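Both complexes shown next keep subunit A, but they swap its partner, so subunit B is in the first and subunit C is in the second.
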Partner chain A sequence: MERALFWEGSVNWIERFFVLILILPVIGLLDEAYGRYSGVSWIQGLTRLWSEPALIESLILSVWVASVSLVISLFIARAISAKTLQVNDSQLWRSVLLAIPHSALAIGLLLALSAGGVGWRWISVIFELPLDQQYLFPRDPWGIGMIVSLVIKESAFLIAIAIPITKRLPLRSYQVIARQAGLTQIQCHHQLIWPQAIRLMWPAIFVVFVFGLTNLEVSLILGPDQPQLIGVRLFQLLTDPDALNRQAGALGLLIMLVGLAVVSGVFHRSVRARVKDRLSDAMAFTHGATVLRWALIAAFWLSIVSLLMWSVTMRWSVFEPLPHVSLNALTSLKTLASPFWVSLSIGLATGVIAIVLAVCILEYLVSKGQKRLHWVWWAFLWLPALPMASGLLAWIYFFGGSPGLWPVVLGHTLIALPYVMIVMSDSWFDRDRRHDMFLKQAGLPVGRRILLIWVPRHSRLLVLAFALAFAVSCALYTQTILLGGGRVETLMTELMVTVSGERRLAALTGLANLLLPLIAFALALWVNRLSWSHRAGMQGEGYADFR
Partner chain B sequence: MIFRLIVTTVLLASVQLVQAADWQAVEADAKGQTVYFYAWGGSSTINQYIERWAQIAEERHDVKVEHVKVDDISVAIQGIQTAKRVGRSDQGSVDVMWINGENFARMKRDGLMGTPFVADLPSSKAINLDDPTIAADFSVPTDGLEAPWGRAQLVFIYDQSRLSQPPKSMDALLNYAKNNPGRVTYPEPPNFHGTTFLKQVLWETTEQQDWLQKPYVEARFEQVTSPMWAYLDSLHLHLWRKGREFPDSAEVMMDLFADGILDIALSFNPNDASQRILDGRFAPSVRTYIHEMGTVGNTHFLAIPFNADARAGALVWINLLLTPEAQAEKADPSVWGDPTVIDESRLGSEDQKLFRSLNLGPATLSAADRGVPLSEPHATWVEPIERAWKERYFGKAR
Partner chain C sequence: MLIFDEVAVERSGQRLFQPVSFTLEPGEIMTLQGESGLGKSTLLHALIAQEPGVEISGQITLDGSPMDPVTRLSAESQTVFQEPLLFPHLSVGANIELSMYRLPGASHRVRVNQLLNDLGLGGMAAQDPFQLSRGQMMRVAVARALAPHHRILLLDEPLSALDSETREQVKHRIFEQIREDGAYGILVTHHPEDRPQGGDMVCLMR
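And now, the complex of A and B:
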């Protein structure tokens, strides 16, 4: 029997509470949109919004970028998912891609493929193109640079979601049917398994679409600029000192939220309808996906090499074969010391709070007999960062608070917690309920049960979830800049400041941004490798029970 | 007569004593305070200069300065506005901000500035506060609400090994672009440098220059700007990437210039090119020039918002940055290269030596070569010009 990825029953008080947290920012936006601060009616705000040059064009361009990057990411995810069922899954490679912040990758691509970029110099030589020109991307009018960056990250995310879902499906019976129908293994995957997986992973697919449509960081670095994508346009309005412009921005965000709600309904309905694979030659497409995948891996490594090279390059004319390199460039590293420690502290705090909250919530849900995660947790990831952070800020002011470190930790936790819940929930819900009964009968209090049994038992997963929460925190920009009032300087805010500044400093900051979450993931994998190696019962996934 | 002179002298001395006593009180209040200084953070040299003087502020005055690096100061202004609208007149998150132009005009209009403070700073005595470029910011009187920090003038940058005769007017630039397609561009407005380039075009093309000094009037916009649009329409066809893409900022434009992709870059800091030659980012053959009719210049300022949490610390920090020592170091191209606002004739001989011993570098034009800068149009013209630019060119990229 197939099982839903998320649960659709009645809502308990915890989930109601988190729904409230989701609604509060929207109410904060309504206040701004209604004109409380500008002193004019919402119609004037709407007129101001409508008078923004090329706004519809920005929206169309954003939908194009989000849709194309989603389709290509799904295409690659399908191909990799099919391979994974036959060969071993490369979790390490996926973890690396998941750990890297979008913006660090984007800045790497910018330095690789823009005019004068490392990659562009090589391409120009190979194809004998004029060195001093730039033809396509990044910041191209069709958003191709941005699509490349999104696809690298989002395909890894979709694969990470798809593989466990696919493995939960009754694969053996599908394969038997496929063999009887004369289908190859790949055809079996694409025509029988993948449509089922798509139905179950639609919340994650919608997350990818929303991120592509509304994200700020990648759009600012790689997105088109005449006009910019809709997220950037609305951010500019929302942060404008003119109250009427801010009202127009708030109205724009509300309209976008309504639009996203409609799209989510369409998404939900379309994936729940019977999915039919219309590809006539599945193998050809799989080869296409492989080529695409390798091209993206090349782009990824090129961006890393670019970050490294530009970090120490003083100048490099396109007419010179080698750059003027100096380690003096690394003196700027000391200015990154403070943001590094702030990022580390916020990341650790976010990780610890998110893990503690997730364990408590999951224990409560298990005790109430819940079997799957409610869609509310996904909804946190559907809500674009900008309205959420702006609305939270309005409420922080309302309660007499000020922007600062703790509001930032709160904002980061609200994003990291759903990720942690999604990663941990399956293991928690799937555990043998008889064990709970035995422990209850033994008279062990709930706190001791969690600390002595369940936390050690899920320790490997907890360590990975912690690394994920840490990486999510490192990558957040909008929440940090708005909820910190600009005072909280993390490596990510430094990166965004330097993007339009010095290339050398931007490369160095990008590199630091890339390394911090990567180190967290590496440590998590290393700790997991070492821990409990002498205890068969702690090998995870019911290893001891199975033996 | 002698009696009057004595009375006047005694009165002046008393005023100075009172001011000194007041300043000592400010310094005492400032001890232990943390000043949040919001300033653009996209340049490592500027960041290092601020960091160094923040250390000095802590050592000399026990004032801790946190440089809050921002990409756009409007984010900070929004925070101040939000605080004002919810009635929070203290504990603001911004203590000092680096500002000028339309941002100052807007903050002044919305009552976001504190009380006037510039004349109370001991360091301000070395500054000619009646200088028109200091007394007004984009034609808006400063009224002592912001302290001048540095001077800026648009300069164009070229490499004499690649370009022997740089184009010294907008007409010449258009001809150069026609003959060398793809080798010229400008930063994308509303980026500060991009908008400054538009102002320069406006000065060189409009016949109604006097209207620009007065507040914006919609009925005059067409007449003032139509020659500029005609010029830009012609220029865009020959720009880098045919004007379908513009560099994000002057920094990005300078990277393209250093890479040899562009022939001309621009900066608002006359010492910028020398500074980049010194630290190895530009080739030694790079030089600067200005247009024959002059280029747009202005002053950049430091302001204290109405709700600053550490006003005393903010005053001490600004005063420190305006001392001859800090100003001379800032003007040194090996440090930052930002021209001083100090009137050197008001300094003692020792302090004058600080400025006279500066080596401004091979690419810096002398003050005489730069001439009197063209003044900025009134601050109210900026937004309509940027908006019209967007309306005209946005969405035309494909």
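And now, the complex of A and C:
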């Protein structure tokens, strides 16, 4: 019996409340699109939208980038999940994979592969090409730079979702059947396991498509000489001082949402209903996936090396393969102090609020006998960041508020919460009901049960989820810039500003943005390990009820 | 008196066993015996808490008062489950103390140590429960259920993980406390040798 990624039954009052939160931004957009602020009809807004030059070209490129990056990511996820099914600490890897800061990696990739970049200098030397020419990213008509940057994040996300899903299947039996049929372990994964996983994964696949289609950060990082994706075009309209342009932007977003709703129906039907009538040639796929996997790993490390090298570069002649380095280059770190503290504060606030909300909501859902997370939580990830943030902003204005730090924390929490719920829900729903029966008999009130039992018992999961929420917050750009009114400076917004300026500062900002979530993960795990070093049952994933 | 009158359990509309009726005087134990999968454990669980899809029918009265349909018998009972179900972040002593949460007084530690001594686990209160053997963990679970002196003790195959010598010791300690406290015991088991000796009752479930 398939155990789907989410539950499609009736919603309770908490889920209704979050559906309302999801709908409110769309209503806010509708209000703006209808002409509340511009004072003209929506038809004029639509005319303004159509008059935007090369809008259709941007849309076509966005669909291309989203589709190709999704296909490549699925290909890589299939290959890597076949190798990682035996991973013991799935929660740790799942959280780390979900927290990969793709924007910082995109900067690294840009600094590696653009003209004068680390990788390009080395490749030029090897193949004796002119060093001062630009071949790769400028006017990149096929969006290759964006596809590579997106694949790093998307494949990690798909692997993070695929591993727990495939572990729900009777893997041992499949492997026995496959061995008896003469299939190798990899063939067994590709022929028997992955087709089932992909049917269950369609919500996550759709998240990846939406993320690729509407991504702002990567396109902005790779620079203004790139053809712009539809998300950037609509963002520019939405943040324009002219009310008519904002109305056109809101209309564009609404049209995009309708389009995505249609695409989600297609995804649902095509992925879930797909039944193959013959086996594929698994080995051909395997070789292709191996090449892609190594290319991805190379791009990842090239990006990290590039960030590290540029961070400490004092001088680097375009004709030299290696730079003159000095730690004096790190003096630019002073300029990052303020965004660092703001990122830290917003990340901590987001993490704490998301964890408290998730624990309370999951505890309520468990008490009502719910066994799986409702699709509502996935819907938060399906709604693109741009309409969500701009719709929330419209409501903040409607209630007389103004953009600032707390609206940013609210926006970050609404994105971090579903991630936290997805990571925590399995352990919460899978716990033994008899524990609850015992606690009821012992007479512990609900609040005490949470504080004395469930929070310490799941402490490792909670610190991992906290670090994930922190990492998600560090990586958010659209919410920060829109809900902060451009006045809230985080490492992520700083990254966008520095990318078009000096390379050293851009690399340092990227490195800080990359390291901050990793430090949060390391600290969280270390503190938890230290706290429970005297308890054998709290080591590892800490779920054993008995030996 | 604890009275079960035509009590049956239904799961998803399906009756699990023929209705059972019995009356227990203080200090008496009813043994529910039957094949695996009959619903004996489900009955015990249904006496503690409501479960989705599980309905309990018939009348249950404790000292003349009918069982509350929501809280069931949870406030008056303690249970030894088939598995120890200890909390890994608490010491052996803290796991046992947890069951005395509603009881006032500062003598919880004394009670914990006394029970551990009685069950052959003397001096283990500060230990990590997950460093004990399965049999020792099961005895901690028994101590946890005995600690608060509740009026009803629900025993879901509590002796199955124990060797024969320990089995007799633990069995004796459980039944002794039920008799001394004038409590009511409901024991679910497959094994006739787990039943208390003497005039207690057995219900063969079908």
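The working rule: the second predicted complex is superposed on the first by the 485 of 547 C-alpha atoms of A that agree within 3 Å, B and C clash if a C-alpha of one lies under 4 Å from a C-alpha of the other, contacts with A are read in each partner's own complex, and residues count from 1 in each chain.
To be clear about the criterion, contacts are C-beta pairs under 8 Å (C-beta built on N, C-alpha and C of every residue); 3 or more make two chains touch, one makes a residue touch a chain.
Please read all numbers here as calculations on a predicted model, not as lab measurements.
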Which superposed partner A:319 touches (first subunit B, second subunit C, both, neither): first
Which partner reaches more residues of subunit A (counting touched residues only), subunit B or subunit C: B
First, second, both or neither for A:369, with subunit B first and subunit C second: second
Which of subunit B and subunit C A:37 touches, first, second, both or neither: first
Subunit B versus subunit C as contact partner of A:456, first or second or both or neither: second
Touching partner for A:529 - first (subunit B), second (subunit C), both, neither: neither
Touched partner set for A:438, first subunit B, second subunit C, both or neither: second
Which superposed partner A:227 touches (first subunit B, second subunit C, both, neither): first
Partner chain in contact with A:501 - subunit B first, subunit C second, else both or neither: first
Contact set on subunit C toward subunit A in their complex: 45, 48-49, 51-52, 74-75, 77-79, 81, 83-89, 98-102, 128-131, 133-134, 137, 144, 148, 150
Touching residues on subunit B, where the partner in the complex is subunit A: 36, 38, 40-44, 47-48, 51, 66, 68-72, 74-79, 81-83, 85-86, 88, 91, 93-94, 103, 106-107, 110, 182, 188, 191, 241, 244-246, 248-249, 251-252, 255-256, 258-261, 279-283, 387, 390-391, 393-398
Complex contacts: residues of subunit A adjacent to subunit B: 37, 53-54, 57, 115-116, 132-134, 139-142, 224-227, 239-243, 246, 314-319, 324, 326, 328, 332, 335, 393, 397-398, 402-404, 481, 485-487, 489, 493-494, 496-505
Subunit A - residues contacting subunit C, complex: 369, 432-444, 448, 452-453, 456-457, 459, 532, 534-538, 542, 544-547
